[in-house]
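As written, the chain order gives the labels A, B, C and D, with residue 1 at the start of each chain.
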Amino acid sequence: MAAELSAAVLGSTGYSGAELVRLLARHPKLEKPLLLRRNSEGSETSGMALAGINGNGNGHLPTAAFAWEALPEHGIELLFLATPHGASRELVPEAMARGLRVIDLSGAWRLKQAEHRAVYGFKDADGNMAAKLDASAVYGLPELNAESIAGAALVANPGCYATSVILGLAPLVAADLIDREKGIISDSKSGVSGAGKEPTARTHFVSVADNFSAYSVFGHRHTGEILEQLRLDGRQLIFTPHLLPIPRGILSTIYVHLKREATAEEIRDCFGDFYAGKRWVRIYPAETLPEVQFSVHTNYCDLGFVLARDGRRLVIVSCLDNLLKGAAGQAVQNMNLMYGWDEAEALA
Amino acid sequence: MAAELSAAVLGSTGYSGAELVRLLARHPKLEKPLLLRRNSEGSETSGMALAGINGNGNGHLPTAAFAWEALPEHGIELLFLATPHGASRELVPEAMARGLRVIDLSGAWRLKQAEHRAVYGFKDADGNMAAKLDASAVYGLPELNAESIAGAALVANPGCYATSVILGLAPLVAADLIDREKGIISDSKSGVSGAGKEPTARTHFVSVADNFSAYSVFGHRHTGEILEQLRLDGRQLIFTPHLLPIPRGILSTIYVHLKREATAEEIRDCFGDFYAGKRWVRIYPAETLPEVQFSVHTNYCDLGFVLARDGRRLVIVSCLDNLLKGAAGQAVQNMNLMYGWDEAEALA
Amino acid sequence: MAAELSAAVLGSTGYSGAELVRLLARHPKLEKPLLLRRNSEGSETSGMALAGINGNGNGHLPTAAFAWEALPEHGIELLFLATPHGASRELVPEAMARGLRVIDLSGAWRLKQAEHRAVYGFKDADGNMAAKLDASAVYGLPELNAESIAGAALVANPGCYATSVILGLAPLVAADLIDREKGIISDSKSGVSGAGKEPTARTHFVSVADNFSAYSVFGHRHTGEILEQLRLDGRQLIFTPHLLPIPRGILSTIYVHLKREATAEEIRDCFGDFYAGKRWVRIYPAETLPEVQFSVHTNYCDLGFVLARDGRRLVIVSCLDNLLKGAAGQAVQNMNLMYGWDEAEALA
Amino acid sequence: MAAELSAAVLGSTGYSGAELVRLLARHPKLEKPLLLRRNSEGSETSGMALAGINGNGNGHLPTAAFAWEALPEHGIELLFLATPHGASRELVPEAMARGLRVIDLSGAWRLKQAEHRAVYGFKDADGNMAAKLDASAVYGLPELNAESIAGAALVANPGCYATSVILGLAPLVAADLIDREKGIISDSKSGVSGAGKEPTARTHFVSVADNFSAYSVFGHRHTGEILEQLRLDGRQLIFTPHLLPIPRGILSTIYVHLKREATAEEIRDCFGDFYAGKRWVRIYPAETLPEVQFSVHTNYCDLGFVLARDGRRLVIVSCLDNLLKGAAGQAVQNMNLMYGWDEAEALA
């Protein structure tokens, strides 16, 4: 198979970036991805870097210092940004101006409403350009927005928590089954890689192991994504993140009241119909719940539910790997859609 | 200090039983506890058993085959049962008839309402006697029932999950602050020792490590205890247990809607007043949340909360060690109350 | 690409078997593997089994009750056995008689010397046949025996510990650099999946987490494999296994005295030359040591070393994933050699 | 019981310091310990600090800014230093001059030989004073040096690894049973709290969990302590530390060749006689090995062994809690000896 595309990655030293590079390196439609380094970045010290040590590994990937001019020389058409929010906010306008397509893994371009963007405190050099891009950026959740993604110049890859919550609720929202006035609660739990690679008191092994904690109660940045994609207002959702003593994986336990009495079969059908033909969502039979382990190291979002006997109260459990379906895997899925390839390429 | 009491433990090989023995062995008011063995029990193989190996350890504790007649010979006045529910249900009537006081760590005598007891499926040899004991048994949650515990013949030591949820909600219920019609949710997470020592596919290290899962959704046995102690009806509470990949510790994230707008200070006072003088409950300042690690290996139940800006939605976080405040520690606390000793004896 | 081979797997419910099926299912030269079930086997309950739940997963794999006659109907030429040692010992003679090729993941056919086989206590129905097969079975360590594997009817896939130790020592043995009289020590540590899926007191989460222990000191079954492949006698090696509180991965710390003073560069060359062109062994630069995490979820065996300043004492660190290079990955690598395919097929 | 002593702790925010404070706070012979803070230290943020939050905890301990003059005001006679090596090296001469007794938990004063001290690179303001203190400091391993400790002004509390290795070998060295020319190997494994509280790439949860690694091969600082206490020379010992994915606990697997054939009973007696009457060492029966879990959260050092059938090769397993017998617990044990109290006070 001849490669059809050259892509570059800026920010390959973080957890999502490294996972992205691993996936891109084995993608049959792609040239070996070009790893771009900025001065501020430390050198790569992970096990991945050692992969090619004696020539028996996956082979060294091409690297280059980041410079806009260098990209055409390498034939780069698609740029992945696994950079901090602020950096992505700065870089994307220039990338667009230069005719590149971009998949941005940060929170920089996910939010349409200024009040939701406020939590990031972006300072845009050119407010007009930023506003235009905020409007044109496509929220890269393939199960909801496949068509827009296919034609997008700028794809804002969703947050990991947000992906798990939105996919767990979207079918019920679409079917208008939820009694929003009683409030939706997503009690979500994530592995530590979701907190990033920076060593902090909070990510120290001794702080995390044998522990479990809630954080950012009523104030997590992913809340805006969930509200916007599901068209909820802020009073209708409580989203509570927790830190699990595991390296990777998210489980969201989602509580909703239904507008009317339903049967488990109806709920099952609601999910089944909504996700029919969707390669990377798996619906569990009623009363059978997904666990973190079942989706980790895969690109699946797994969904299961239990309906109370009263037929009115529903608990949904949504699981995914925060580095795959919650980040790098979803980015590759988006690329596959953007270039008309099989949605599972490099992911199965 | 001269010992004032002789107590025996039936069922010291499980996690709670072993922890109980460890506490009793260091209690200054007690003779060395007598460990009773039934034929059906396996021999003790834990590290604790090795403690006295070369005479330098804590010393071997006295053991005896279980027989009712033997108890007076050893001067036993208080019997701890760390036995399965069914066994406790059988043993307690006889113990009462023989004039012993009993602290039962199982679920056998915790529930007043027949519909709640139904989940255990007890078959009582003497229905009248069982009914009398169901009525007279005291639910051993010292922060709620200290006076009744002091005079009780039979103390039903609470479930670990139930303790965390009841203590997190009791002050708000007492102050009638909760809008019950909107539903209370306790999303609770427990370490694996809560699932017992039996090796099963579910407790295998490879099934638990790097994993997280919900279970018994809308159907956990501790639900009845919570409902009864807080005087809720079943439609007003969803209690969802989850399995954490840690050996011990519980964290419950509890969601309530308030009847009226409140300030964080009011909530803090509500908790502070309710637990004033209660040695084993710690209230965290507003916005500061307890974590599992802070209470594990202690007898504390730690409580914290965050109030939404609307002053109407409240998230409470309740943490404790399922083997201590959730089982053996609370049993010792109950004993301390029953005999008029300092509530912290052997626990600090 | 058209499939070139039909293979079946007996014993796909254990950890190695499940991993093997995952690899075979994505192998481009293979038909979907046929999963054979014996009556005694429980039904598959792992997350893998759920993979195809709503038709969006990897698809259900074909399954059949195990019967020799059924294999030709399915066109099976190659049989993988991920069965207990005793079962493999019984099944292989019949498989050979029926003209199948076999890759056996158990310890049944790895050992040439009767004294080493004695630890398994095999009772062979036909001693002559067993003796012939003991002699003709090829020890399936591709880095040592690639040629014999290519032509083998019966490949005995090596033990996980044995693979890590043999690959760590083979270059030094070949170069005759080791002072065997001073004794070789391999202090080896394995994740829990190496202990199998059977729930036992030993594999209970609470027994393993926050723990670490040595076991089978001077008596582990893999010792014979190491001795035979490296042509050592029993007094020259101490092999001590330990149980790590992780799901998968092995690290062996190996201690040798050299016959003569050497430089780190010589040692590096010794390893580099020996493994030149070997796809699945990576040599780390002197003073840089592999860690379990770098090889887990890959088929690599990673090797590093530190030489004492005296140039005579050498510490080698060998890491691999016990379920991949230590079991299922190596089995696929062996299949690739047996059928003349790229050694990395389905493994990269 | 009236308190008999006032002690202060400098450096209570690290893991060992915090554990020390916990033990001292419950010691019946001591006033509440005075916590000294230096400007450079961060504020305490651990769960312990929260212990007294609503007045129901252990109570706030007295704290003071560190100043030599302030110590007599508080009646301080004994100073615990849980400070970095360099700080202890600076502080101790002044403390001695002021007539305080000191238990130093760092490596500053443990080593008698200049070549061993060289790894720390101390720069002593007054070389004469330092030399005098190096000579007079007592290595605080109670099982070896109880008498000197009782009368010491300066106790150098041993390293955690060193304690585990020395206690595992001392009886055999005393009995002159080891063939030193064949080399002694201690393959040691420690939980992460041994690496300190500083957040680094190495202590990040994601780097440690599901991982295991060797480090400081042929170069760990504790090597000198082991050599000096056992009177070995550097060529006779290889000590290899490894990082375990657990919060606390050390296990050392120690390999020795015996000078002559011995029986397991002889070895058992050798250990039993040497440690007769030693409260905090437990000897396991032959073939029964200690595990990390059995000694964690206790002050025990647990010792077990397996002898090869040839009666010449011996594997010793030594376990302890690095924060207790390996640091804070041993410091308290030393204090108990220094003041003539029961060696188990505050530790049982």
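Quick note on the criterion: a residue touches a chain if its C-beta (ideal position, glycine included) is under 8 Å from a C-beta of that chain, and two chains touch if they have at least 3 such contacts.
All figures in this text were calculated on a predicted structure; none of them were measured in a lab.
Enquirer: Need the graph distance between chain A and chain C over the touch network, please.
Expert: 1
Enquirer: If you tally contacting C-beta pairs, which comes out ahead, B-C or A-B? Let me know.
Expert: By the number of C-beta pairs in contact, the winner is A-B.
Enquirer: Give the label of the chain whose average Cα location is farthest from that of chain A.
Expert: If we average the C-alpha coordinates per chain, D ends up farthest from chain A.
Enquirer: Which integer distance in Å separates the CA centroid of chain B from that of chain D?
Expert: Once rounded, the distance between the two centres reads 36 Å.
Enquirer: Using the average of all C-alpha atoms in each chain as its centre, how far is it in Å between chain B and chain C?
Expert: Roughly 46 Å, centre to centre.
Enquirer: Can you compute the centre-to-centre distance for chain A and chain B, using the mean CA position of each chain? Integer Å is fine.
Expert: Chain centres of chain A and chain B, defined by C-alpha means, are spaced 40 Å apart.
Enquirer: What positions in chain A touch 2 or more of the other chains?
Expert: 207, 209-210, 245-247, 291, 293
Enquirer: Once bound in the complex, which stretches of chain A touch chain C?
Expert: Interface residues on the chain A side: 26, 47, 50-51, 53-54, 56-58, 210, 272, 275, 277-285, 288, 290-291, 293-295, 297, 300, 302, 348.
Enquirer: Could you pull out which chain A residues touch chain B in their complex?
Expert: Listed in rising order, the residues of chain A that touch chain B are 182-183, 185, 187, 189, 207, 209-215, 217-218, 235, 238, 240, 242, 244-249, 251, 253, 255, 257, 289, 291-293, 296, 306, 308-310, 313, 315, 317.
Enquirer: Where on chain D does chain A make contact in their complex?
Expert: 15, 45, 192-193, 197, 199-201, 203-210, 245-247
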